[in-house]
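Per-chain numbering from 1; labels A, B, C and D assigned in written order.
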Amino acid sequence: ASLTVGFSQIGSESGWRAAETTVTKDEAKKRGITVKIADAQQKQENQIKAIRSFVAQGVDGILLAPVVATGWDSVLKEARDAKIPVILLDRDIDPAGKDLYLTAVTSDSVEEGRVAGTWLTKTVGDKPCNVVELQGTVGASVATNRKKGFDAAIAPHANIKLVRSQTGDFTRAKGKEVMESFIKAEGGRAICAVYAHNDDMMVGAIQAMKEAGLKPGKEILTVSIDAVPDIFKAMAAGEANATVELTPDMAGPAFDALKAYKEKGTVPPKWIQTESKLYTAADDPMKVYNSKKNLGY
Amino acid sequence: MSRNLPVLVAALLFAAGYCLCATQFPAFLTTRVVGNLLTDSAFLGIVAVGTTFVIISGGIDLSVGSVVGFTTVFLALAIERWGIPPLAAFAIVLGAAALFGAAMGALIHVFEMPPFIVTLAGMFLARGAGFLLSTESVPINAPLYSAVADLSLSLPGGGRLTLTAGVMLAVFLVGGVLLHATRFGATVYALGGSRHTTALMGVRVGRNTIAIYALSSLLAALAGIVFSLDTASGTPLSAVGVELDAIAAVVIGGTLLTGGQGGILGTFLGVMIGGLIQTAITFDGTLSSWWTKIATGLLLFAFIALQQGSVALAGRSGRAARPRAGQQPVVRPAEARP
Amino acid sequence: MRVLRSGAPQLLAFAAVLLADRLASPQFLAVHLQDGRLFGSLVDVFNRGAPVALLSLGMVLVVATGGIDLSVGAVMAIAGAVAASLADSYPLPVVLAAALGTGLACGLWNGFLVASLRIQPIVATLILMVAGRGIAQLITEGRIVTFASPDLAFLGGGALLGVPMPVVLVLVMLLLTLALVRGSALGLMIEATGGNARASALAGIDTRSVTVAVYAWSGLCAALAGVVAAADILGADANNAGLWLELDAILAVVVAGSSLLGGRFSLWLAVLGAFIIQAMNTGILLSGLPPELNLVVKAAVVLAVLLLQSPRLSGLTLLLRKP
Amino acid sequence: MSDSVLLTVRGLSKSFAGHQALAGVDFTLRRGEIHALLGENGAGKSTFIKTLTGVVRRDAGEVWLDGEPIAPRSAEAAARAGIATVYQEVGLLPNLTVAQNLFLGREPTRFGLVRNREMRRRAVALLADFGLSIDVGAPLGRYPVAVQHLVAIARAVDLSARALILDEPTASLDTHEVTVLFGVMRRLAERGIGIVFVTHFLEQVYAITDRITVLRNGRLVTERETAHFPRIELVHTMLGHDLAETEARVEQADRPARAGSGTPVLQAEGLGKAGYLQPIDLTVGSGEVVGLAGLLGSGRTETARLLFGAERADRGRIRLDGKPVQIGGPRDALRHRFGYCPEERKTEGIVADLTVRENIVLALQARRGPFRPLGRAAQDKIARDFITMLDIRPPDPERPIGLLSGGNQQKALLARWLATEPRLLILDEPTRGIDVGAHAEIIRLIRRLCDEGLALLVISSELEEIVTYSDRVIVMRDRAQVAELAGSAVDLTAILRAIAAEAAPAPVPEPA
């Protein structure tokens, strides 16, 4: 019999998130799985409601892209009591609940930050470098982790200094606005690199730099995370330097694990980690762009 | 009669909507869905009771969502990091929230500042304070929390009446008594009729305004406690935008945003209608993010339009008593500013 | 002179916030010409404040009738989505007409709900606030729709005589609204409707049309703000464009001294209110304080600005008001 | 006993933004006396009261109650000190029930819960004293202003410990209600309570008060015993004109009625609405004044609202100059050059935040439509002309109308409609709250307008006044037309007889 799977998605706050939803639907179709998607509009309480109603509907499995890391114990217990396996997508939850879910298909966002930081340290070498940072939404775990990883990577290098850090709310418009203020506050030429917690903010920041008469990608290095199509366009134009991929295909592995578990009883490993791949101008950005542009970003 | 009409209509609409859903999704007839509806609405319901007081008094409180957020973070840190026993932490946060609300009420009264803006500043402040405490979500592992999480009353048919749902029902009950059967409640309505006149009638406007906003914040903190019990964690980003949900619930329940009219029962129905819309959309499960929003908006519109329509119809046929139909539903004397 | 005097507290607040900005960032007031465009933090204040200023031009009229429009942020997103999707295949006038027309339609819908169905404004517009962002996402399918049209981009990044286009648009809209509202008797009718709707209707004012008109205008202003926001980032971000800006617009209107109960309003003060808010936001960004503090600082500034205007503390402003 | 001083005020002063509303007023209220506080519109009576009770902060002056200095800072504090007040603007809440209004802040409770049944019982008992038997569980806003006013008075009376202040309590009451109120006041006075009574009805002053204090331009003019204060001298003192001029003015207003001449302007045939007003027939000719008489709740206001389209009629029709017209709403009425000055000044008349000028031009502008604005110069001229013509005080067109005294607001509203140069003007209680001088002025104005061919329909609870200026009088009862009197048949007794026919005992008018 075909499986029915409930997917509690966070919302649609970015292009990446939209791509994840699209890919999930495609992957489900490929495997003949019926997927019910509940959009939580960024609210944990909505996700909890969604999971409860999935349980009430008696689905075969639940995918959860948790908006925050904590607070899932009681609702996941309800799912466990109803014998419905839960798979986490894209973000992990607090360790206390390890036995409450089947597996987690996620990237490691601290690792993403670290990859970005490492790229920067390698690229600048020993030269002094003032970095400005565009953070994600204050309080979002991804933002905290990407900062953590990046900070850890640059910490041993005294020549790299984080001079300004402000939130750009993961959006283009705020990314641009914040970058404008960085340029004015620090003086454009004094900035050596920009690190953005996602590509959207970086696209905005690149515009701000251009409007201020600076040359992003050349005078100012850029590194960001997500690998959405538009950043590859910028890379191809020489306006961006590096991005770390966060794949939108989390559901594929999740469906496979669920199928194997349901049909053969195979218990998957607790963590299925996706790759945090670094892309630079050397990776034929236009080709990547073309491969990604129809994924629903 | 005619005052309770909007509530009656809301109740009928809710019943009709529920039946409609049941024909579509048979699971709606299980106690499980009923139990979930109550549990899921719990913390919004508690907030909405406070909002009802504020709105009937002619004010508005935009800070409640942030207060919920602050409460959850505070509790998590207090219990996990600072080693304060949970019950003591509850008491502290309730007290602090009441003071916070009282301060907003005092600003509104003493400086004659519009509630919308004072509480907007309160919203920024409480949310910001939450961020300052912690930008990360913090799990709570206190034994009380795990004990409470399992407390529930089993309903026949697999459903559960959880403690949180119980708390909400109790808050509605107490709120109803407070609003409809005490002097304080009468004063709330009076303030909504006209602050100026209420003052001329010799009622202490300032004291009551402060009490109303303190109550609203207090209930928001209680909702925060319930939220934290439910999720056993605290995050500064929790309950964003809840103030609007609460206001919508209150207004759908027939309370006038201009103040002076409405009631607790209506708010309960408003909360339930909101929950019903969401449950129905989740059960359907085929909607994309955007269609979810559009459908929510459309259903909201359908409920309100039907309600408005039937109230108007009933009002027209039943106008033996003689309200002078004016431009606006309430008679609000334009008051001379003192 | 009379006009300036009535805005004394707002001007004072603006000056105070600018001063604070100057303290936070020494080069704040430095302005120079770069690529035929004024460049500097002060310019940013006006440039970034433009969308909220446009919103507040519509919002102030809605508030004057005793209403409120929560949907402006969502309308921005819709109009931006429409503009961005059409930008590369149609000439600018068509794109603008489509985007502004959409906004106007949204406004008419709100006006219909409020004036004809008698739904309370906050809920009536809440419907479009929720559904509208969905509609915008439906148009863009949740992604950021980018465009290359230089014409549309000019509205966001271009400049006229060195003044950034968004600021020019604000000025144009301010003058247009002033002409429309103060040049006719509409302003009086709006204030009368907001002050006492029953009395106004009995005096023969078509309060229903007045109500519909202000929401329509608000929709139009929001649409223009949406176009500017899209032109600014060369794309329509349906998920985030205008998010929570309705609160900023309402804040601007209140800072401008309008009562949310309706009645008296001032268009130029509403615009000034928007710039006060932006000056505060820009100041926070320039200050280099950690972002966790943003909201706390904002709360403090908002309270300070409002206290400055409180009738109970108006001794200072009374002094200024005296001729 | 009745000579012992209860309340003493010395040098009470108050100015509003440079305008001296009260200048060092002295006042003495004795136990058990009813003390009239008189003066023209804007003389400062209401301000005096509000300053006394602390609603408005006083600039200077002292107040003693029973020899104790008091300085209440709010109405609440004044009430606790023993001064109960009914303010001029109906001081109650339309959204609460009658009973809740009566007992707000002092509801009977048990274990903290309000005892609703007990509260209603007491409310019914309390209102019975005022001859009101209404559903005390219904929202107050459902009742006409008169009832609301009576409830406000009942509340204050019930509260009153030592002193009771009534600011124009009788403005909206008819003769019967006034009689009842006076009975209550006398009883209270006998109990030793001092009562301050503000009114513009001189008959009432002579009927009930013991002593008179007159204010003019915020200053104390005189204080005298009523018995030794002849009427004409009183008017003279209030107005400050010389005596001859005063007499001329008052006399002119008393000129006997003259037969209407004009052709019918408005004809209503079987106009009515189910559950609202029985069908009525009514004709008003050009240059004619038709009076609508009746008790409270007799349906006069309803008639006016149907004619003006403020309420949709569901039967009958209206002819204008013999041609049938559709009146779908006030805007249609305005287009046909109807004017309607409603009785509820605060809620249906003024727009408090707007200036006097803006309030005056509002209807005219509405008729012209939004895109033919009156120029500022034209507005100024209209405003100034009417301010002068109706003697609106202060004569500042740029003052928000909400800051004007009640009577002056009424005049500005009249100006609003006169500015539209109407063919038919409906005035609902036009002289309510208007001082003697202005009263005569308005009656003269009504006459002059008629001479110019205007058709007038006037509703008033003052029957003498109706008799004075009406060419015909239509008498209403129980929301139906019961009689029509014309020409020489228009007199007080005839009206009273029509009102009282097969109804409860005839209300006795106060002896003049």
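Definition applied: contacts are C-beta pairs under 8 Å (C-beta built on N, C-alpha and C of every residue); 3 or more make two chains touch, one makes a residue touch a chain.
The shown structure was predicted, so the numbers you read here are calculated from the model rather than taken from an experiment.
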item	value
Selected pair, greater C-beta contact count between B-D and A-C	B-D
Inter-centroid spacing, chain B versus chain A (mean Cα positions, whole Å)	34
Inter-centroid spacing, chain D versus chain B (mean Cα positions, whole Å)	43
Inter-centroid spacing, chain D versus chain A (mean Cα positions, whole Å)	71
Junction residues of chain D, two or more chains touched	347-348, 350-353
Touching two or more other chains - residues of chain C	137, 141-142, 195-196, 198-201, 292, 294
Per-residue multi-chain contacts in chain A, two or more chains	12, 18, 21, 138
Chain-chain contacts as defined at top	A-B, A-C, B-C, B-D, C-D
Contacting residues of chain C [partner chain D, same complex]	183-186, 188-189, 191-192, 195-196, 198-206, 263-264
Chain B residues within the chain C interface of the complex	62, 107, 110-114, 116-118, 120-125, 127-129, 131-132, 135, 244, 247-248, 251-252, 256-258, 288-298, 300-301, 304-305, 308-309, 312, 326-329, 334
Residues of chain D defined as touching chain C within the complex	308, 310, 329-331, 333-334, 340, 342, 347-354, 358, 361-363, 365-374, 416
Chain A contact footprint on chain B (complex, rising order)	25, 27, 30, 32-33, 36, 39-40, 43-44, 130-131, 135-139, 141, 146, 149, 227, 230-241, 275, 278-279, 281-290, 292-293
Chain B contact footprint on chain A (complex, rising order)	6, 9, 11-12, 18, 21, 36-39, 41-46, 48-50, 52-54, 56-58, 67-74, 77, 94, 96, 137-141, 143-144
